[in-house]
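First chain written, first letter: the chains are A, B and C, and each begins at residue 1.
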Amino acid sequence: MSVHFLGSLLLSHSFLANPLKIFVDSSKKQDKKRSVGIHNSRTQVLECNNNYAKFCRPDYPDQFSCVPISEIQTQPVPVHKDGEDEEDEDLWVTMKDEARSNVHQEPILSNYYFSAILSHDVIESALADHLSVKLSDSSLPSGTLYDLFMSVLTDDSEIVTAVKDDLRAVKERDPACISYVQCFLNFKGFLGCQAHRIAHKLWSQDRKVVALVIQNRVSEVCALDIHPGAKIGRGILLDHATGVVIGETAVIGNNVSILHNVTLGGTGKISGDRHPKIGDGVLIGAGTCVLGNVRIGDGAKIGAGSVVLRDVPARTTAVGNPAKLIGGKQNPVKLDKIPGLTMDHTSDISEWSDYVI
Amino acid sequence: MSVHFLGSLLLSHSFLANPLKIFVDSSKKQDKKRSVGIHNSRTQVLECNNNYAKFCRPDYPDQFSCVPISEIQTQPVPVHKDGEDEEDEDLWVTMKDEARSNVHQEPILSNYYFSAILSHDVIESALADHLSVKLSDSSLPSGTLYDLFMSVLTDDSEIVTAVKDDLRAVKERDPACISYVQCFLNFKGFLGCQAHRIAHKLWSQDRKVVALVIQNRVSEVCALDIHPGAKIGRGILLDHATGVVIGETAVIGNNVSILHNVTLGGTGKISGDRHPKIGDGVLIGAGTCVLGNVRIGDGAKIGAGSVVLRDVPARTTAVGNPAKLIGGKQNPVKLDKIPGLTMDHTSDISEWSDYVI
Amino acid sequence: MSVHFLGSLLLSHSFLANPLKIFVDSSKKQDKKRSVGIHNSRTQVLECNNNYAKFCRPDYPDQFSCVPISEIQTQPVPVHKDGEDEEDEDLWVTMKDEARSNVHQEPILSNYYFSAILSHDVIESALADHLSVKLSDSSLPSGTLYDLFMSVLTDDSEIVTAVKDDLRAVKERDPACISYVQCFLNFKGFLGCQAHRIAHKLWSQDRKVVALVIQNRVSEVCALDIHPGAKIGRGILLDHATGVVIGETAVIGNNVSILHNVTLGGTGKISGDRHPKIGDGVLIGAGTCVLGNVRIGDGAKIGAGSVVLRDVPARTTAVGNPAKLIGGKQNPVKLDKIPGLTMDHTSDISEWSDYVI
């Protein structure tokens, strides 16, 4: 058999050809957990997708392996290594350093940076504070929101891990992101996603009323409308974020990048499971609608402005209205890199549109 | 002649084949009113569309008839029955009950619910208060807006009726809507639409300056831009609402459902009547542009991401860019249910896109 | 040779066939300036496009010539005539008159108009004040923003000229715009664009941190996301503006009209020059995505809902997903009017879509 190394962003063909092989353990875990009920459902998604994330995050040196796939498959990487906590602490230290440097450059922002970043020992309180200021209004005081957000973040370390993964994802993938602290303070896609993580936790605890209030405030402040029922993985980039709508029963894997004005919508026919399921490493271009309980396979790319009403196989590229597969339905071109990470919106697609102009 | 029963959402073919027959009386009324001038123009639209609404609102038991169409056509249902006022009062009672139940579940929202819902005896003052809080800013105090909104709502009972119809429409059609009070507090599409109803009244009273200020604040707060000149019927669902733009001379019938990022735009060539006319019971999918003074017939469906520059016949389905009719221009497939009510975005369309992925 | 008169919006063929001829002087100036570095780059764009603006702004009587093109080409119009300063002063006088008339009609808005318009002697302080109120929040006090905005506007008279050009552009092109003061107070596309001009100046002075804070606040308040690095000409109409995204290395010429939900995006492959270059007089319809470092030629029109990944030649019309040229790639139909000024979204396009419905 051929031996593949995970250099750069290259997807191992054998890994992707047999994706179930590597997930055997985690899917077993899932089955056990399924009986626990809705409370743990997001956790399941995170866990189920977790191993995949190890391979497709190119910039986590400690998580990124250069051993042959064959060995990885038999030696699953542990999920929370001690090293990670240290790295996570380092992230907040790095962000405070960035903040100090920013204040040095721009003293008129001293108060802003002090209250949002420099006065906080940990990222949890900074996030709760920043979100509560953004989402408060005269009828929803920021103090009430801060207490609520802090209680969730203190309780659920997985959300905090996902927050940090998202920060790294934005910094890596968005050429316009110049620092972690810029993303933390300014990117409404990042902030809306973190508010959703909190709202989803509350939703899963059957605190639907307050979860829906958070959804609404994020929709007003960030123009980003994610139903608190939606399950969203780690390492997510919601770039620009305006006009994004994600429905109640949508599921989004890890390391997914979604541009603005993307809809993961229902079909309206049924009130049950009616929204798309987005695999790991998927890239969805601006203005695209994916409708119905369809599956977008791992590592797939959907071009800007597409309308997708059918499953898209893993590692293929769908474009157009209605969406077509690049290379054709029978023999679609297979991607060898992970579009959710490379953010390559146009290769293949650009050639496809060559004849028109 | 064949006898049809209005079971479930089934459209009567004979009713739709002769839509003018049933409107004879109301169109006469219109002619009389036309001389009164622009002041009453929205009222005309509402009245002209009113009878149709009786048939296509499935959940108004007292308005929904199971007698054969032939009999209905000779016995028009009266517009405002006594029963309706009672039902309308019941709605606010129901909403206060929902609010008390929500506060019981989520005591941290007590103040919010008290000021927004529980302190109000009637829906008018609650709506004026909630909208004025949402739309105020440091240069537009909420008190000024509250007085303005209250004066319009107290004056025009038709707006209040339309508000209640919209609440019922959202609750019925949006599977993500769990209560009337959730819609009232949280759905920016609902709130933006009600602010528009007030702005439209002010516009028709030649109070254009303040009408345009309201339009702007709704555009900033809800990312929903409806020109105050646009005429909008009853039972409207603006789902998610981000990015919706509705032009000055657009007319929207009753029981219409419009998703986010929909444009009912002008062509820019002319400054007169230049925007689309949307019939009753129409469903327009996310991200669709309808441009120019074109007519979308009653009960038509327009798929997500479509670009429509031409009339769409009643009860047909248009999809694509540029839009095509499902079944072809000569012999389009006719819908037998009302898409504005069923919210069925993808049947027929999904088959159409089958060959591509 | 044929002699053309610039009647109405007619483009002179000979002018467009030899666009470089008329730009000889200004392009020489550019070369000299190029060595000065990034600081002046927006200035270059403005100057390089300046002469073109003289011809395509139909409503500047003093800038609009009826002499034959052949004579104009040998007698370039001076850029800043004394008359312009006077005209600019007149604009603010006109706006204060409009404001007084509005307050007379709508006394409840007295305070609003006084603080936003009537208390200001010059447009600079009014703009700084209005923007700082709009963009402030509890962590970014309006006083800090006002001082910052005033310092930039006092420093850079070209921004103030561009602000006035934009006001005139909106008033001329948007049939829904009833006065300059309505645009100034209410049009979030106009306000977001002016905030961008300030942010771009700060970005070019290497004050990136505060420039990015402004970008974020505009994205939250106006749902309009323009990277401060983007270079934008004069006479710009961002109509409705919701969902517009303009990337870091995008360049937009003069007299361009862009509708809502338009993306001038990157391809994600490269971190350098990766965004579209939009020529003078271009019109881009709602919901369109232009991706990558492609060039949209002067006077081109892009229909609503298009996906453009390739260059579009000057004076042609591109539509569809992927975009096609009206008339075909080999022999596209040439426009004889400037779509960025006429705002004619649908002629040619409407015929193209005729066969579908």
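Assume a residue touches a chain if its C-beta (ideal position, glycine included) is under 8 Å from a C-beta of that chain, and two chains touch if they have at least 3 such contacts.
These numbers come from a predicted model, not from an experiment.
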From chain A, how many touching-chain steps at minimum until you land on chain C?
1
Interface numbering overlap (same over half, different under half) for chain B and chain C:
different
Cα superposition angle of chain A on its copy chain B, in degrees to the nearest 5:
120
Roughly how far is chain B from chain C, centre to centre by C-alpha average, rounded to an integer in Å?
34
Where does chain B touch two or more other chains at once, residue-wise?
223, 242-243, 261, 287, 305-306, 320-321
Residue positions on chain A within touch of chain C in the complex are 102, 105-106, 108-109, 111-112, 115-116, 133-134, 136, 142, 173, 175-176, 178, 182, 185-188, 221-223, 240, 242-243, 259-261, 283, 285-287, 303-306, 319-321, 342-347, 349-350, 352-357
Please output the residues of chain B touching chain C within their complex, sorted ascending.
137-140, 144, 147-148, 207-210, 212-213, 215-216, 219-220, 223, 225, 227, 242-243, 245, 247-248, 261, 263, 265-271, 274, 287, 289, 291-292, 305-312, 318, 320-325, 329
